[in-house]
Each structure stands twice: as structure tokens, then as C-alpha cells.
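Going by the order they are written in, the chains are A, B and C; count residues from 1 in each one.
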Amino acid sequence: MRTAFHLTSGDEDHQKTVLTIAENLSNDETIEMDDIAVVAQAEGIAPFKKDGTHSDTVEELLDAGIEFRACSNTLDMMDLDDSDLVEGVETVSSGASELTRLQDDGWAYLRP
Amino acid sequence: MRTAFHLTSGDEDHQKTVLTIAENLSNDETIEMDDIAVVAQAEGIAPFKKDGTHSDTVEELLDAGIEFRACSNTLDMMDLDDSDLVEGVETVSSGASELTRLQDDGWAYLRP
Amino acid sequence: MRTAFHLTSGDEDHQKTVLTIAENLSNDETIEMDDIAVVAQAEGIAPFKKDGTHSDTVEELLDAGIEFRACSNTLDMMDLDDSDLVEGVETVSSGASELTRLQDDGWAYLRP
């Protein structure tokens, strides 16, 4: 199965919760996950930045096979580019279009 | 494709973020959107009111073809009726039933 | 139709809103609901506890046929077990896997 997490909040505790829930899902032996992605936009993009508060967790989860996708609109608005993001984070045209496409393609949607 | 946004928060910054994300989706040239709707209930209904903080944005997005649907339960609870809402906002029996029907009908669900 | 609510917030007002929206959905005569479930994890699990702020509402909604499912990861992390929860609340391996399975099975997802 495939699940996309939507991360939009600037609250650091909430960001950590979303990352923990994604990690727990990848470790849950009662379900076979083919893909887990975290799609961030607005203030939720902070942990994807190289100097972000939870960027070390993002790096660990990338190593564990979880995907991270950043909204290009948000990057433009915050004057950021690929080089500001943790290596391995992908960019998508917009968070909303990405999550629309994923759901249309059968992915579950979770917004903790 | 079709996407419904769920707006329930009373936080004005969050309300603005939801409206901006909906607008960005309608402008995203990488996806062909047939319908975009914002379904509001509880405190999230504030921008749909004629005197709401972001009601001007709601008017602009209505002109751009985005649909707005207000939960009747919420209107009853807040002692509001159609005449208190920005012209063009529709009412639905409940936000939850509307979003259940839309997802059942293949719409993607986004709760920024 | 079938709808799963996702409850993760520790905010007591928000918790109450989620329970009210679930109740309103079960009472909405414009839609025939076969199942309504509230899946809680992280701080959202509080109302499921016997001594939780809104546990009386959870008891009422259980009587009304709404299902409640608690994330086992969260219970472990908070050092809680079944006996700490309102009678009738089920436990699931993880909130995220449960909500992935439910969506894969055609349930709508709501995160007020």
C-alpha cells in the first residue's frame, strides 16, 4: 500500500509527530507498505531545510526509504531552492497538485 | 481531477494558507483540475461570512471558479443563514457528509 | 458509506469539535452511513481514556454506534493499556496503518 503524509504546520512539535508517525508506519509489521511519502508546503517545509530543526530525522527517514517532496510554490515564496534542502528531498510543482495526483493514483492521505 | 479542501480552523493565518493553496492549485499548469471546492465547518466558516477577515479572497476565488460550501449545522449553531454569507457560497447539509460524498465520488481530500 | 475521522491533536476544544462532527454525521439524514470510526493517536488519544476530558462523549457516541480505535504505538509510548481506555474502545497496531487500510478499503478520511 502507499500513503502520503501532508505536512503544513510550522509547529515544531507537530512536525516531529508527523515524522514519528511516518516512521512508525514504515516499521508496522501488520501492513506492507510499498511507498511512504511526506509532502510539505507552507510552514511545514521547515524540517526539509538543511538547517531545519528536525532535518536530522528527515535524513534518517530518507535512509529508511521514506520519500520527501517539497512544494515549489513554497520554495519560491520563501526564496529557497534545491540547494537549501536536505539531499534527497524532491521538489514538486505544488503540494496540492502532488497530493491530488497521489490520491487519484490510489494512495491513502494522512494529515496528522 | 477534483479536489476538496477541508477548512475547520479558526486561525486566520491558517484560513489564509488554505485559500492560497487552493488558488495555487487552480493556477498549477501541471495538473488539469475540473473542480476545486473549499468545504468549511466549525470556526473555519469565518472567511465565508460577508464581514469575514478573508471574505475578499473568497470573492476573488469564486470569480476564478473555485466553489465554496458551508456546513448547515455550523450555520445553525452560529445563528447564521445564507444572507450572512458571501454571495455564491453554497450550503450543504453537513461538512462531513459533503466530504464523504465527494471522496466516494473520487475527489481528492486535502486538509492543509 | 463509511468515514474515518483522524484525531491527533491535544487541544481539548479541537477534540470536542471532532466528536461533535462525527455525531452530526451520524445524525445527518441526507447520507446513509454504514460505519463511522474515530481513530486516535498521539495527543489525540486523551478523550479515549477513562478519565479523559471528553470521555463521557466517547461513551455516548459508542452507544450511538460510532467506533473508536486507539493506536497501540501511542498507548505504549504513554504507558497505557486497554484497561485505561473507555470500555468499547478498540486498539489497532498503529493509527497510520489503520487509516491506510480503511482508505484502501473505500472509507472516506476526515481530519477536522
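Everything below uses one rule, namely that a residue touches a chain if its C-beta (ideal position, glycine included) is under 8 Å from a C-beta of that chain, and two chains touch if they have at least 3 such contacts.
Note that the coordinates shown come from a computational prediction; the quantities given were computed from them, not determined experimentally.
*Asks:* Once you've mapped the touching chain pairs, tell me: line, ring, star, complete or other?
*Replies:* If you draw each chain as a dot and join those that touch, every dot ends up joined to every other.
*Asks:* Same or different: do the copies subunit A and subunit B touch each other through matching residue numbers, with over half of them shared?
*Replies:* Answer different: the two copies use largely distinct residue numbers here.
*Asks:* Quick check for you: after a Cα superposition of subunit A on subunit C, what is the rotation angle, between 0 and 180°, in steps of 5?
*Replies:* So the copies are related by a turn of 120 degrees.
*Asks:* Provide the C-alpha centroid distance between subunit A and subunit B, rounded to the nearest whole angstrom.
*Replies:* Roughly 24 Å separates the two chain centres.
*Asks:* Name the residues of subunit C that each touch 2 or more other chains.
*Replies:* Residues 109, 111 of subunit C touch two or more partner chains.
*Asks:* Which positions of subunit C touch subunit A when the two form their complex?
*Replies:* Against subunit A, subunit C makes touches at 6, 8, 41-42, 73, 93-97, 99-101, 103-104, 109, 111.
*Asks:* Could you list, by residue number, the parts of subunit C that touch subunit B in their complex?
*Replies:* 1, 3, 17, 21-22, 24-25, 28-31, 33, 106, 108-112
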